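In the part that follows, the structures are each spelled out as C-alpha cells.
Here come two complexes built around chain A, the first alongside chain B, the second alongside chain C.
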Partner chain A sequence: MKRIFLQWVLVFSVYNIGVLPVAAQELGQSLDSLEVRPSLVNSRLSLPTQLTQVHVISPGEYFAPPLVADIPDDRFGDMVRMGRNIFTKTGVYAKRYAGNGLNCSSCHLQEGRKPHGIPLWAAYGRYPMYRHKTRTVVTLEERIQDCFIYSMDGIAPTLDAPEMKALVTYTKWLSKGAPVGVDLPGRGLPNVSRTQDLDPKRGKIVYETHCEFCHGKDGKGQKHTNGEGYMFPPVWGGDSYNKGSGLQRVRTLAKFIKGNMPLGASFSLTNQESLDVAIYIWLQERPRNPKMSQAMDFFFPNMAR
Partner chain B sequence: MLNRKIVKADIIAGVTAGVLILPQAIALATLAGLPPEYGLYTSIFPVMFAALYGSSWHAMSGPNTALSILIAFTIAPYASIASPEWIQYAVTLAFMAGVIQIALGFLRLGIIFNYFSQTVTIALITGVGIIIIVSQLGNFMGVLMNIAEPIEDAIPQVIYGISRANGFAVSVGIVTVLSGLLIKHYYPKLPFLIIAVVMGMLFSAGLELILGETSVGLDKLGTMSLSALPLSSPDFSPENFAEASQGLLPAAFVIAFLGLIQASLIARAMAIKSGQCIDINQEVLGQGISNLAGSFVSCYPSCSSFNRSASNFESGGRTPLSALISVVTLGVLIVFAAPLIAHMPISVMAGILLLVGAGLIKKSDIKKTLLEKKENQFIFALILFSTIYGGVDYAVFFGIFLSIIAYLKNASKPEIELLTGKEAQQYFPQSVPDKNVQNTVSKEGRGCCQFSKNKCFLVSSKEKKYNDLNVEIPKQFDHVTVLQISGSLFFGSVMRLESALTELRKQDNGKGDLIISGENLQSIDGTGAEVLVREAQSRIKAGARMLLWLRNHNHDAVLQSSGLKKVIGEKNIYYLKENNNGDH
Partner chain C sequence: MKSSSNIKRSLVSRLKNMSVWSMFLFLLFLSFIIFLIQSVLPISSSSHNLHRLAGEQLALNGRGNIPACVPCHGLQGQGNAGIASPRLAGLHPDYIKKQLEDYARDPLRTRAVVEPIARDYIKTPRTYGDLTVFTPGTRYDPKMNSLAKLLSAEDRHNLAIYYSNLAFVASPKAYDFETLERGEDLALRGKPEYGLPSCNSCHGPKGQGFRAIFPPLAGQPVTYIIAQINKWQTGKRDNDHLALMRNIADQLTDGDKVNVAAYYDNLSYSVNSE
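Presenting the complex of A and B:
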C-alpha cells in the first residue's frame, strides 16, 4: 500500500515539474492584451455626436505616462506588472483585501492614466498630504488602504503587504518623469458648479438615458460573459462602493461623472445633469459605512448616511 | 490492525486534531512570513505524506514554530515578506530539505539524530519561544515592525512603538492572551488556542459593532484564496535562485536537521508511550518525502509537532488514520471558516503566537535539565544565547557541535572502580600454580583476598570510586588490587586511567598484584593498551603480577599489536566466556 502510494507520489511530482507553472509566479504575468476592458477606452477615438461641450485631449496638454510595453523586464518590472494586474483585476489579484466587484481601474480610468479620471501620475507627487477626511497627514500607502476600506468595501492591506508594495510600485512607474509637489493639469476630477437645486427625478431620467445601457436598470452593472468580475461596474447595490467612500459625496460623484461618463464621452453631460444623476445614485442602497458604528447604524439608520 | 473501536477512536482524535491545527496553521504561516494559505496547505499535505510513509503511528507532522522562524530569518534578506519570491524561496527550501532528509534516510543516518542532546533541544526551543514573543509584540500592538531584527534592536523598537500603539489592537490582543491563559490554567482539557481565537474575535467584533470598523482600525488577515490542489514547483533557475543560494543552501541543511531532530525526538517519545517499535530511518524517510512532495503543492518545510502528536495520542489516535482524518477535517473546516478567518484581526493572531511562544518555554523541562548535570547549565545558557542573538541556524550547528562535545566528554570517563569482597574474589584465578588462592579464599572466606597468606587489602564499600578511596592500604609487599574498568578506553579517556593507576602506585608503591577486570570494557585502542602495558611492565619489574579479565576475544587484535599479551603473558589473560563457572 505504502509502496504504491510512494510510486504515485513520485510519478505525480515528476509530472508536475515539467508541466505546471508556479502558482506564485502567476501574479507577475501579463494581462491578455486582446481582452476588451472598458477602462481602456480613449475619448479621442469616440467623440459624441451630440452638440455639447466636447473634451478632446490635445498632445502636450497632459502628462504622458509610460506605455505598458515599456515596463522593464526585471524585478522592478515584475512588481510593476503585479501592481498593474492588481489595479485592473483587483478581485483576482488582491482577492485577500477586495470586498466588492470593483477594480481600482473602475474609478481610476484607463488603468490610472486618464486625465480628469483621478490619474495616478498626478497623485504620486502629491503624497504624503494632509487630508480633511482623516485630519492627518497620510502617505500614499495609507491612502490606498482607505481605497480598500471604502471604495473597495474590503479589508485594508497592511502597510507591509506585497499587494500594497505592488500598487505603489505601479503608481511610481506610471508617474515616471512627473514633477513632485505640482498640481498637474488633469489631476483628480474636473470642477462642477450647480445652477439649480438638485433633483433626483431629473437624475433618474439622465440615468435612464445615458447610464442604464451599461450600468443596468438596477445599477448592478454588467459582468463579463465568463462571469469573472464586471465589464461595467455596479454603481449601487452590495457589490458597489460603500457609504464611506469618496464617491458617496454627491459633489465628488458629479465631478467624476462630468469628467468621465458616459464612457468615451467625457464632459458630454452638463454640470446640472451630472449633479442630478449623482444625487439619484446617492439615494440608492449600498454597503454601510465602516466608519460608523454598526449599532448606531441599526438604531439610527439616517444618521449613518 | 483496524477494528471498529480503533477506527472510532481515530476519527475522534483526527477531528480534534484537524480543528486544533487551524489557528496554529495560520499563525505559523504568518510567523514564516507567508500568506496564511500556505500554513493550511502545510498542515494538509505533509501531514498526509508523513502519516502514510513515516514509521511512527502517532506523530503528527505539519508547520513548526522553530522551522517557521528559521525560514523567515533565512529568506528575509532576499525577498520582501509574503511576496511571490518569498513564497517561491520557501517552496524551494522545502524541496531542498526534503532531498537532504531522503538522502539521510537512504544512507541510514537517522540514528545520528538520537545523539542530539536533549538540553540543546530544550534550549533551542526556549530560544525560539523568546524570539516569537519579541517578534510578535509589534503585531500585538498594531504597529509595523522591521522583520528579522536582532533582539537588542527589536526591544527598543517595541518600547518606542508603545506611543504609536493602537489601543484597540492591544486590548483585543490582551483579551486573546488572557482568555487563553485562563482556559489553560483552569480548564486544561479544553483547546485553549481555539477558545482564545474565538474570544479575541468576539471582542473585536463587539468593538467594531459599537465604534465602527474604521474607527477601531484593526489590521485584518483578509480573504484567503484557497485551491484544492495548489500546485507549485521548486525553482533553481539562476535568475531567481542564484542571488539567494548563499543563504538558502546552508539553511536547507539546518532545516533538514532541525526537522529530523524534532521528528526523531517525537517519534521516540510517542513510541515510549505507545510501545510501538520505531524505525528511525523510516521516520527520516517519511519526513523527507513529506517535504519533497509538499514542495510541489505549495508547502513550506514542515516536521512533526510535539504538541499535536501528544494531543493526538491523548485524544485516542492509535493509527495514521487519525492524521488522515485530521487532514480531511481541516479541509472541510477551512471551506466554511474562511469567511470568518478573513476578519481575524492581526492582533488576535499575535496573541495566539504569544501563547504558542510562551508554551515553548517549558519551565519544568528547563528545571529538570538544569538540575540533571552541571554541564547542562553551561550548554543551556550557551545555546539559548546563540539562538536569540545568532539565530536558529547558528544555534543548530552550534548545538550539534556541543552535543558531540558533551557525548565525547561522557565517553571519555570510563568508570574505574575498586572491587572488594566477593566481587573481587570472583576475579581471582582459580588455578594459580604457585599460590594456592582457591584454598585461601575458601578457608578465610569473605574478606580475604590475596594470593599469599598476608593480610588482605580491601576497600570498605563498592560505591566508592577510586578517587574517594580513603582506606589506609597496608604496606605489605604482595597484596592485590582489583580494578574494574567499564566503558571505552581510548586516547581521549586514558587520562583518567593513568591518574587512577598513579594514585594506586602511590599507595602500594607499584609492588602489589593488580587484577584488571575489563569485562565491561566496550572498546580499547592502542593508547589505552599502551598504558596497561607500561603499568604491567613496571609491576612485573617490581616482582608483582598483573591479570586481565575480558569478556571475549574481541579485543585480541589490539592486545596483540600493543604487546600487552606478551608483557603480561597469555596465561594471565582470562576470558569470561571460557571460564564461566559458578560465580558468574
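Presenting the complex of A and C:
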C-alpha cells in the first residue's frame, strides 16, 4: 500500500514537472516583442543573500575631452577632422584598409570618448606599452595596425600613411590635458570576474531579450535605410570582427557588454548574463584569424587565437 | 492501357530529350510571366488603397463619437507646435499602431508576466535571480487616452497606413549659434561621462528614425519633443523597449531638452516626397 502511494506521488510530481514549464513557456512565447517590453531591467527581484549591484555614475571622476566645436581652424585641425571622419565612418574614409562593416566607433563608443568604452583619451598616455598578445613593446601606431588587421578584418595602414597620421592626431587632440603614464578612471573596460559556469543556452535567451532588437535575430546587424553602412553593427557573420580580435576573447567581450550594452543602459546586465551572452556570441561564425592557417580554422573553428 | 503507357513513355522520352537550351528558354518564359504578374499586382490589389482611403476618411471627418484627427494633427498630418501635437505624416505604420494601442491601455490594469530565464526546470532550479518581469507599456495623455479607446484594431491599422503614406517636408527654423552647437554635440556624441549615448545612435543619422522601434526626431515640433521628455521623466510615458528611453531621459537637463529639440528643428528633412 505504501509502495503504491509512493508511486502515485512520484507519477504526480513528474506530471507536474512536465506540465508547468510548458505552460510557462507558452505564456512567455505568446508575447509580442513590439507590444511588450522587458522593463525593470535594473530592479531585479533578489533574495537578501544576492543583493542587486547598482553602478554609481560619478561624472566628475572621468577625464573630459575637448569639444568638437573647439577643433582649431588650421592644418592641425584639418588633420583632427580627417581623423574623426575616419574614426566614425571607417568604411567611407579609410575604405582601402577596412575589411568589414564596422567603424572604429563601433567599439570605441561615442567617438572614442565614453569611459569604460575603450576611450582614446585614456590610451594615448599609456603607449608605448608592453603587450602580452605580441610579447613586445608596441607603439600607438602599431596598436592601430592591429586594430585594422583583427577588429576591422582588413589591411594594416603603413606607419606613414595619411590615415594613420590622422588617427594618431585625432587621438592626441582628444587627450588634450590628460596625464601621461597614468591609469585614468574609466580606462579600457570594466572588470568582470572569472567564472567556470558559462552557458550559451542562457546566453541565447539574454541575446533574444536584450540584443536582438538592434543587432538582429541572425546577429548580422541592421543596415541604414539607404543601404549604406550599418546603423547597428553586426556582432557575428562575415561583416563582423575576425577570430583574432580582442572581442573574440569571451571575458573581454563580457566586459564590453557589461560596461556599454544596451546603449543607454550600461551596467544593467549582471556579470553572469554578460559572460553567458559573450560565450553565445563566441560560438557563432565569423571571419577567420588571418594569422592562423585555413586548415586550423577548418578543423578547430573555435580555437580563438 | 497500352496506349496510355505509350503516352507516358513518350512524355518521359520527350523530357529526357529536352535540350539544355529549350529548358533555359522555358525558364526565361516562366520568369517573364512572373515579372508580368508582379508588375500588375500592386495595381490590381487595392486592399492597401482601401485601408488608406478608410484611414483618410476617419482622419478627416471622424465617425460617430470619434472626432477627426485633423484639428490637432493638421490637414497634412504635420502636427501643431502650439499645442505640442506631433507630426504623424511619414511615421512608421507599426509605430503609429503601437502608440495607439498604448494610449488605449488602462494604466491601472497593466498585467505583469513573469518570464523565466532558466527554462529547463529539471536541470536548473528556479531562483529569484533568474526572473525577468515583463510589463506592457503605457502612455498617458488627457486627450488621447479617451480617444484611442474608441478605435478598433481595424481603425488603428487604417490610420497607420494613411499617415505613414503622407508626404512631409520640414521647414528648418533659425536658432542662435550656441544652442545649435550644444544641441549638435548632444545629438552626435551624447554625454559620455554620464553614460548617455547620442540621440542619433538609435534615432538614425540626422534623427530620421529607424524602423518601427525608433521614431524620427527631425521634423517634430520642438514643444512636442520637450513635452515627451518631460513625460518620460515624470513616468507619464512608459512604453519603451528595455526601459532605454526612461534611463536616457533621466539624464537630460532642461537646457539639454531645449538645445537638442532646437537642433532637430533646424535640420532640413523630408519624407515620402521627391
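The rule we apply is simple: the second predicted complex is superposed on the first by the 234 of 305 C-alpha atoms of A that agree within 3 Å, B and C clash if a C-alpha of one lies under 4 Å from a C-alpha of the other, contacts with A are read in each partner's own complex, and residues count from 1 in each chain.
The rule is short, and it goes like this: a residue touches a chain if its C-beta (ideal position, glycine included) is under 8 Å from a C-beta of that chain, and two chains touch if they have at least 3 such contacts.
Keep in mind the model is a prediction, meaning the values are calculated, not measured.
In the superposition on chain A, A:R96 makes contact with chain B only, not with chain C. Chain A is touched at more residues by one of its partners, and among chain B and chain C that partner is C. The intersection of chain A residues touching chain B with those touching chain C, taken from the two complexes, comprises 17, 20, 24-25, 27-28.
Looking at the complex, you find that chain A touches chain B at residues 2, 5-6, 9, 12-13, 16-17, 20, 22-25, 27-28, 75, 82, 95-98, 149, 154-162, 165, 244, 289-296. Residues of chain B touching chain A in their complex: 35, 49, 52-53, 80-88, 91, 144, 208-215, 219-225, 227, 230-233, 235, 289, 292-293, 296, 298, 342-343, 346. Against chain A, the residues of chain C that register as touching in their complex are 94, 98, 101, 113, 115-122, 127-129, 131-137, 181, 185, 188-198, 201-202, 204-205, 208, 210-213, 238-245, 247-248. If you check the complex, the residues on chain A that touch chain C are 17, 20-21, 24-25, 27-28, 31, 34-42, 44-47, 50, 57, 59, 62, 64, 67-69, 109-111, 113-115, 117, 119, 186, 201-202, 205-206, 209-210, 213-214, 222, 224-225, 231, 262-267.
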